[in-house]
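Each of the next two complexes has subunit A plus one other chain: subunit B in the first, subunit C in the second.
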Partner chain A sequence: MKTRGVFAAAALVLLLAAPRFLERGTLNDIWNVAFAVILASAWNLLGGFAGQVSIGYSAFIGIGAYTTVLLSLAGWHPYATLPVSAFLSAAFSVIVGLPTFRLRGPYFTIATIGVSEAVRVVAAGVAFTGGSSGLRMPAGSFDFQRDYSAMVVLAVLVVALAAWIQASPFGQALRAIRQDIDAAEALGVHSTKYKVLVHALSAALVALAGSLFAINFQYISPNSVFDFRLSLSIVLMPIVGGLGTVAGPVLGALLFGYLQIKLLSSPALRDSYLFLYGGMLIAVMLFEPRGLLGLYRRVRGRITRSFSRPVPDAG
Partner chain B sequence: MPADAILGVEGLIKRYEGLLALSGVTFSVARGEIFGVIGPNGAGKTTLFSCLVGSVQPNSGIVRFRGERIERLPNHAIVARGLVRTHQIVRPFRDMTVRENVSVGAHFGRARLRGAEAGRRVGEILEKTGLVRKAEVLAGTLTIGELKRLEIARALATGPEVLCLDEVMGGLNPSEIVDAMKLIRSIRESGVTVLMIEHHVHAVVGVSDRILVLNFGLKIAEGKPMEVVRHPEVISAYLGEEAV
Partner chain C sequence: MNEIITVLVNSLLAAGLYATMSYGLAVIYGVMRIINLAHAGILMLGAYATLTLNSRLGMDPFLSLVVVIPVFFGFGVLLYLTMIRRLPRSSGGPSIESLLLLFGVWLVLQNLAYAIWTGDTQSILTRYTMKSVVLLGVRVGIPTVAVFSVSALSLVVLQLVLRRTYLGRAIRAVTQNRDAAMIAGVNADRISAAAFGIGTAFAASAGSMLATMYAFTPDFGRSFLLKSFCIIVLAGMESVAGVAAGAFVLALLENFVGGYTTLPTSFQDALSFTLLVLALVAFPQGLVGAFSRATQRWRRLGRA
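Here is the complex of A and B:
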């Protein structure tokens, strides 16, 4: 645990110092990957640790982004809007979660698809969000150095939070819920309460990422922040990386962030990302359900076994 | 309900579609008792336990635990009050170690222990249930006998006043059954009231202070073990009418 803390601190220092020696293009890539790390790790708290799969996380990105832009246009400092967007997103997650988490089965997952699409349609249809043409941040609110640092710090904090939750009784309750919700209840775990709590926490973190996205991009529209494809990649990153682990979503986000950058810069591959995502999902399901992290552990296990002599059985 | 009763059940009814699983069961359990529940397959024994702890809602009837009515409370709230059950078909968290499985009970049961205190309690219970050597092993790799003990260990870790054991001897060999009987007695010695459903009539007669017999959701006998097993209705329920 201590070595991990040192590692996280070193990574943070290095990333924060990066603007001194890296080009703007590379920093942009790091920013993109940090954004993906936050989304994947935050989703994994609910989807991986607690096993409650949501396919509607773009709703929380959108709520965060719109809250920040609207309040900034009303004269707020962009960063003063962050607590508000986290709070609104968490409140919205409770409205979605309370009725559906009481039910067993896939009701929650189904509800999340409908709700996120409904939010997108509303955002595109009403006047104060600028409709489908979107909204622009007020002039003079842009400062890449600052926005880069904010995204990187948030990414490291979210991963640290995930590691802390995993080791805590709270994380244990979530794992118990994922594996056998009735057995968890039979040992005193208030499953609905913990599901609602972790959903709210995860939604708040995703909304913060949405706010930082809006501040850096300066322009948002329903099709950029409420995109269903965004919801899908949020689900795929942790699954491909390793569901329910701390490092898995980070690995998945690194891979997807890198792929996205490569694909978008190549006109020939631009529209093939769905094909690629689908292919990766099938490969993971068929060959390594525990994702890249599971693959790494398996390979490492093989290597150490073949290099170490058999240990006499102590049992 | 007698004055020393820790658990009282009155007119408990549970209906599933087209089936009356419990048709008005009434009994009470005294503090510190070992109270056996027997009956043929489909008699409603497991449904009774499910209704007691709130994992299933009864259609009508009253359940009083330490004087408080609990029949409408959810499962986790009843565990928090100190009434816990184990499952006949074991339900371990397979991807957790044995120690982690038990600590879920310590963290979220009535005791709600944290940190070193939880660790101590879990250690004591692993010792008591003979799972120390398996503590760091994934629960999915245990044998059926170990899984049955894990069910008991997790339930004990919640810090119950009343522990409902659902067929913890099913699938055990004779020497394991003797160990299980010892364990159940020692649980009672530690101040916990025990209800137990059991198919091994010899075992249940051997450890119980009193026995309740169910058949088709109805109580057909209740009393001292030796009286109950000689009861004509009990004999006919188990062996058929001709045997009487």
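Here is the complex of A and C:
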């Protein structure tokens, strides 16, 4: 635990010092990866730790981004809007969660597709989202240095929070829910309460990322924040990296951040991103449902085994 | 009064198609406890297959079903043998792995369609696309009537297959209790392959028929997936009649809202999603399940 804390602090210092010796382009890439890390790790709290796969997370990015832009246009300081967007997103997650968490596993997943479709349709139809022409942040609210720092700090905090939750009794309760919800209930875990709580927490974190996204991009529209590619990669990053672990989503975010950069620079790849994402999902499910982290552990296990004397397998 | 008849006729006609596309999802769920998210992709691919047969060979969209149904049956069996079969079988409800795997298949199919047919909006025009007939004093398009007739026919054939043949009895047996069916000598693996083929063929034929009524893109099918899902949740997974009833309930609701309110069309889709969530929450065992439970309770009360 202690070494992890040192590691997190070192990563934070390094990332915050990066603007002194790295170019703007590289910093932009780091910003993108940090954004991805927040989304993946926050989604993983519900989807990985508690095993409730939701495909409707773009709604929370949208709530965060729109809260920030609308309040900034009303004269608020952009960063003063962050608590409001976290709160609104958490509140929305509770409204969605209370009915849908009565459903289990895949039924919950299907219901979240329904919810996200409804949100997307409504967001495109109502006036305050600016419709398809979108909304712009007020002039003079842009400061890359500041926005970069905010994003990397949030990313490190979210990963640290995930590690802390995993080790805490709260995390154990979530794990129990994932493994066997009936057994967890029988042992006195109030599953609905825990699911709603962790959903709200991860929704609030995703909304914060959405707010920071809006502040840095200065322009949002229903198409940019409710983008299908975005909600797809939120689900794929933790799954490809390693569902229900702390390092897995970070690994997945690094991979997807890299892919994103490649995708933007190559038209041929951009046209086949669905193929790429779908193929990865199929490959992970068929060959290594624990993702890259599981693959790494398997390979490492095989190597250490081949170098050491045969010992009885301790499991 | 006239308006009510209009709503009823339109709902009935829509329900035929809804039942066909939902049965594709229901049979796969019933036999394997898998939610086929690739359903939407298969619907879309069926529409494009019909488009190609129509534009290249001049084949009538309804005649193209003769090609589409066997081809997609084979495709479904192939999907089962290469992928679905390799997944660990979950004991209770459907597993999240199968859902995500088929989600991946859906994405790949979508990309395939973009690569072959581009993202342009397509539609199929025939001599009778714009023609209409009067049924019970209601003017309805010929494609709608044709789609209903073919759907109704395929559901009748399906019902006969399920009741009269070994395959049908085996499918029903595995749906009711896989282990018991296997003890009784049913080859559940082979039945699963057949069920996946049948489900895929039904989805593709529904897609072919949808193509005669709607314009489509590779993104086509998502709202129909949710509709199908809503219907099988309403209907339960057991019977063809249940699926037909669920389809009628959804079609009635959509037509009623479309006919009596000024809700914009894009919000109408949100209606089936809302109904879906409400149905999932209120009747986890489906309307049919809720109904049979209610009648059982009634009988018990009568006896007491």
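Keep in mind that, in the parts below, the second predicted complex is superposed on the first by the 307 of 315 C-alpha atoms of A that agree within 3 Å, B and C clash if a C-alpha of one lies under 4 Å from a C-alpha of the other, contacts with A are read in each partner's own complex, and residues count from 1 in each chain.
Rule of thumb we're sticking to: contacts are C-beta pairs under 8 Å (C-beta built on N, C-alpha and C of every residue); 3 or more make two chains touch, one makes a residue touch a chain.
The structure displayed is predicted, hence computed values, not measured ones.
Enquirer: Tell me which partner touches more residues of subunit A in the superposed arrangement, subunit B or subunit C.
Expert: C
Enquirer: In the overlay, answer first, second, both or neither for which of subunit B and subunit C A:A139 touches.
Expert: After superposition on chain A, A:A139 lies in contact with neither partner.
Enquirer: Just subunit B (first), just subunit C (second), both, or neither: which does A:R175 touch?
Expert: Only subunit B is touched by A:R175; subunit C is not.
Enquirer: Is A:V6 touching anything from subunit B or subunit C once the two structures are fitted on A? First, second, both or neither.
Expert: neither
Enquirer: Regarding the shared-chain residue A:M285, is it in contact with subunit B (first), subunit C (second), both, or neither?
Expert: A:M285 contacts subunit C only, not subunit B.
Enquirer: Should A:E185 be classified as contacting the first partner (subunit B), the second (subunit C), both, or neither?
Expert: So A:E185 only meets subunit B here.
Enquirer: Using the touch rule from the top, collect the residues of subunit C that touch subunit A in their complex.
Expert: Touching subunit A from subunit C are residues 35, 83, 86-87, 93-101, 103-112, 114-115, 222-223, 226, 229, 264, 266-267, 269-270, 273-274, 276-277, 280-281, 284.
Enquirer: Residue numbers of subunit A touching subunit C in their complex, please.
Expert: These residues of subunit A touch subunit C: 51, 53, 99-100, 102-107, 109-111, 113-115, 117-118, 121-122, 124-125, 232, 239, 271-275, 277-282, 285-286, 289.
Enquirer: Residues of subunit B touching subunit A in their complex?
Expert: Answer in residue numbers: 53, 55, 74-77, 79-80, 84-85, 87, 91-96, 100, 103-105, 107-110, 112, 114, 118, 154-155, 157-158.
Enquirer: In the complex, go through subunit A and note every residue touching subunit B.
Expert: 169, 172-173, 175-176, 179-180, 182-191
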